[in-house]
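Listed below are the structures to be examined.
Shared chain: subunit A. Partners: subunit B in the first complex, subunit C in the second.
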Partner chain A sequence: MSDLKETLKEQIIEQLNLEDLTPADIQNEAPLFGEGLGLDSIDALEFIVLLEQNYNIKISDPSEGKEIFQSVDSLAAYIEKHQ
Partner chain B sequence: MRILGTCKIAESGVFVNGLARQFEVNEDWKKDLYASLNIEYPKFYKMDALAKMAFLGVELLESSCNFDDYSENEIALIFANRYSSYDTDQRFIESYTEKGSPGPSLFVYTLPNILTGELAIRKKWYGENIFFINEKFDAQFFIDQINFYFRKGSKACLCGWVDSANNQEECFLFLVENSIDEISIEELIKSYKQ
Partner chain C sequence: MYYIHSIASISHQDSFNVSNVCSKLEKLGQESEVIAPNYKEYVPPASLRRLSPVLRMGLTASIECQNNTEKEFDAISVGTALGCLRDTEKFLVTFHTATSDFLSPTAFIQSTHNTIGGQISLGLKNHAYNMTHTQNNVSFEVALMDALMCIDEGKKQVLVGSADEQIPFLELMQPNLIPDNYPLTSGASFFVISPEASSASVCVQAVAVRFNPTDKTGEIEQFLANQQLTLNDIELALYADQLPVETNEKTETLNFLEYSGLHYSASAFAMHIAHDSLKHSDKRYALIINDMCSDKLGITLLSKQ
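For the complex of A and B:
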């Protein structure tokens, strides 16, 4: 699980073009949206693409996104459950 | 009109009101300058190079200019560059030709005037804003635009030439206030070329 979280952090940086950040800058439990990394609805689309391209997971109900994309912890838990 | 402050960031260094700051403009200069300013604004990391440069330029300019002297709709933003959003356009093209899908977070920066939006959000400036594509920095053009916005009621104009293409980055900002003084084209060109 911890490997998955580290991989996810690298993928988030790559997918969202956050090249000035390193995985160490992203805390597992920190909110990704709003305060945390300051992400917004455009970035939610990037997360949908990330899940589809890297984990073959399709989010059919976009309203689920708010909970899934809350933090690296919640993203990793969702991936573990749906793979 | 009179110039209240200038900020220039180029390969030669960082200058505020013509005075050099102790700072090396290397490959990571935007990240390093952001860190040195002790700012907490996570959205900075998402911005493209143009928006980051304008953002940092304004933060530096703020050390010598008091933007609070103007209400939220009294500052007009007048920006220009030569290469539009070329760098981000290239990265966006790469996202769908090489990485498989168009990146929404890149797409939003495929217009250069997004940087004025980023400044407006950050500083809560809701006055006029415009972004021009010009072949080169044109002092007379800026003066004409400044006069236009002063006639429309703006009290100050934050102007900028912010460009990024082919590994060349350049950011020149200046704040101008409406007054009976005249600024000359030569004075403006001198500030730009410092």
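For the complex of A and C:
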């Protein structure tokens, strides 16, 4: 699980062009949107692409995204459950 | 009159935020890079991370123009020949090769030519007239014509400029580009044009574009005649590769592609050179002849008042 979280952080940085961040700057439990990394709705779409391209997971109901993309912890848990 | 009040160029020369770009010019070698300012001083990191080089250059040059100008712009006119090439390529490659149902939205959103003008409006929080012109090597001249018409309609502060970027794919295409003996480069040059002189002394006196010109010399002479001038009045002539007119020995000539490199917004950088040359010398008239593509001729006349 911890390996998955580290991989996820690297993929998030690359997919979202967070060029000033390193994986160490992203806390597992910290919110990704709003006051956390300050991500926005376009980034939410990028997360959907990231999950499908890298983990073959399709999110068919966009309303699920709010819960899934809350943090690295929640993302990793969703991937573990659906792979 | 159309006075040039503020200029910002990001290019392969040391041209950003310098008082006289002519004093810094060096002929480009085959290997050169954009000399970029620290974009983070101009654009918030949250916005910057999504911007491709052409967007960073265009937005930063525009912000610098706004910083040097007290009033908000009444209109924004942008020229770009090839637009946001990097995002276009990224989107098309992904579209062609993707195995998933979804494509990355950022490259798609930013792949259109008018993204540069749009990002400038967003960055400056400017809701005024905003237009993008795409006319190959004369995109800047067409944008400039639009800017001058905006002033004729009563606008007082118009931002006009042009930006294009180089991507590796263009190197494959270079043999088809005319001319092909210059390094491929990127660049953005923006200007604030106003009918009010205040501290400005150099004006855009006239600009014209001719498509499929059969007699370039005749077109240029007629353009000057319309301004009650002849080639003998021109003290500085900037041209792209080959000067299509004969000038007298008093006229200083400069092949601007040797300094800008090859990109389709190079004539905007030539206008920056022409402006600074007039401002810092006793020359009165400068002519920019842009026939980088042989079937399109751009002619711009600057004068000092």
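As a working rule, the second predicted complex is superposed on the first by the 83 of 83 C-alpha atoms of A that agree within 3 Å, B and C clash if a C-alpha of one lies under 4 Å from a C-alpha of the other, contacts with A are read in each partner's own complex, and residues count from 1 in each chain.
Following the convention adopted for this analysis, contacts are C-beta pairs under 8 Å (C-beta built on N, C-alpha and C of every residue); 3 or more make two chains touch, one makes a residue touch a chain.
Source: prediction; values computed, not measured.
Trainee: After the alignment on subunit A, I want to confirm one thing: do subunit B and subunit C clash, or do they fit together?
Mentor: Clash.
Trainee: Based on the superposed arrangement, let me know which partner A:Leu45 touches: subunit B (first), subunit C (second), both, or neither?
Mentor: The answer is both, since A:Leu45 touches subunit B and subunit C.
Trainee: Let me test your reading of the model: by the given contact rule, A:Lys58 touches which partner, first (subunit B), second (subunit C), both or neither?
Mentor: The second partner, subunit C, only.
Trainee: Contacts for A:Glu35 in the overlay, against subunit B (first) and subunit C (second): which applies, first, second, both or neither?
Mentor: first
Trainee: Under the stated touch criterion, which partner chain does A:Ile12 make contact with: subunit B (first), subunit C (second), both, or neither?
Mentor: In the superposition, A:Ile12 contacts neither subunit B nor subunit C.
Trainee: May I ask you to decide whether A:Ala76 touches subunit B, subunit C, both, or neither, giving the answer as first, second, both or neither?
Mentor: In the superposition, A:Ala76 contacts neither subunit B nor subunit C.
Trainee: Contact-wise, after the overlay, does A:Asp20 reach subunit B, subunit C, both or neither (first, second, both, neither)?
Mentor: It touches subunit B and subunit C both.
Trainee: Overlap of the subunit B and subunit C footprints on subunit A, residue-wise?
Mentor: Touching subunit B and subunit C on subunit A: residues 15-18, 20, 38, 42, 45-46, 49, 53.
Trainee: Within their complex, state which residues of subunit A touch subunit B.
Mentor: 15-18, 20-21, 35-39, 42-43, 45-46, 49, 53
Trainee: Quick one: in the complex, what on subunit C touches subunit A?
Mentor: Of all residues in subunit C, those touching subunit A are 45-46, 49-50, 98, 100-106, 109.
Trainee: Could you please specify the touching residues of subunit B with respect to subunit A in the complex?
Mentor: Those in contact with subunit A are residues 28, 30-31, 34, 41-46, 48, 91, 100-101, 103-106, 108.
Trainee: Hey, which residues of subunit A end up touching subunit C in the complex?
Mentor: Its residues touching subunit C are 15-20, 38, 40, 42, 45-46, 48-49, 52-53, 58.
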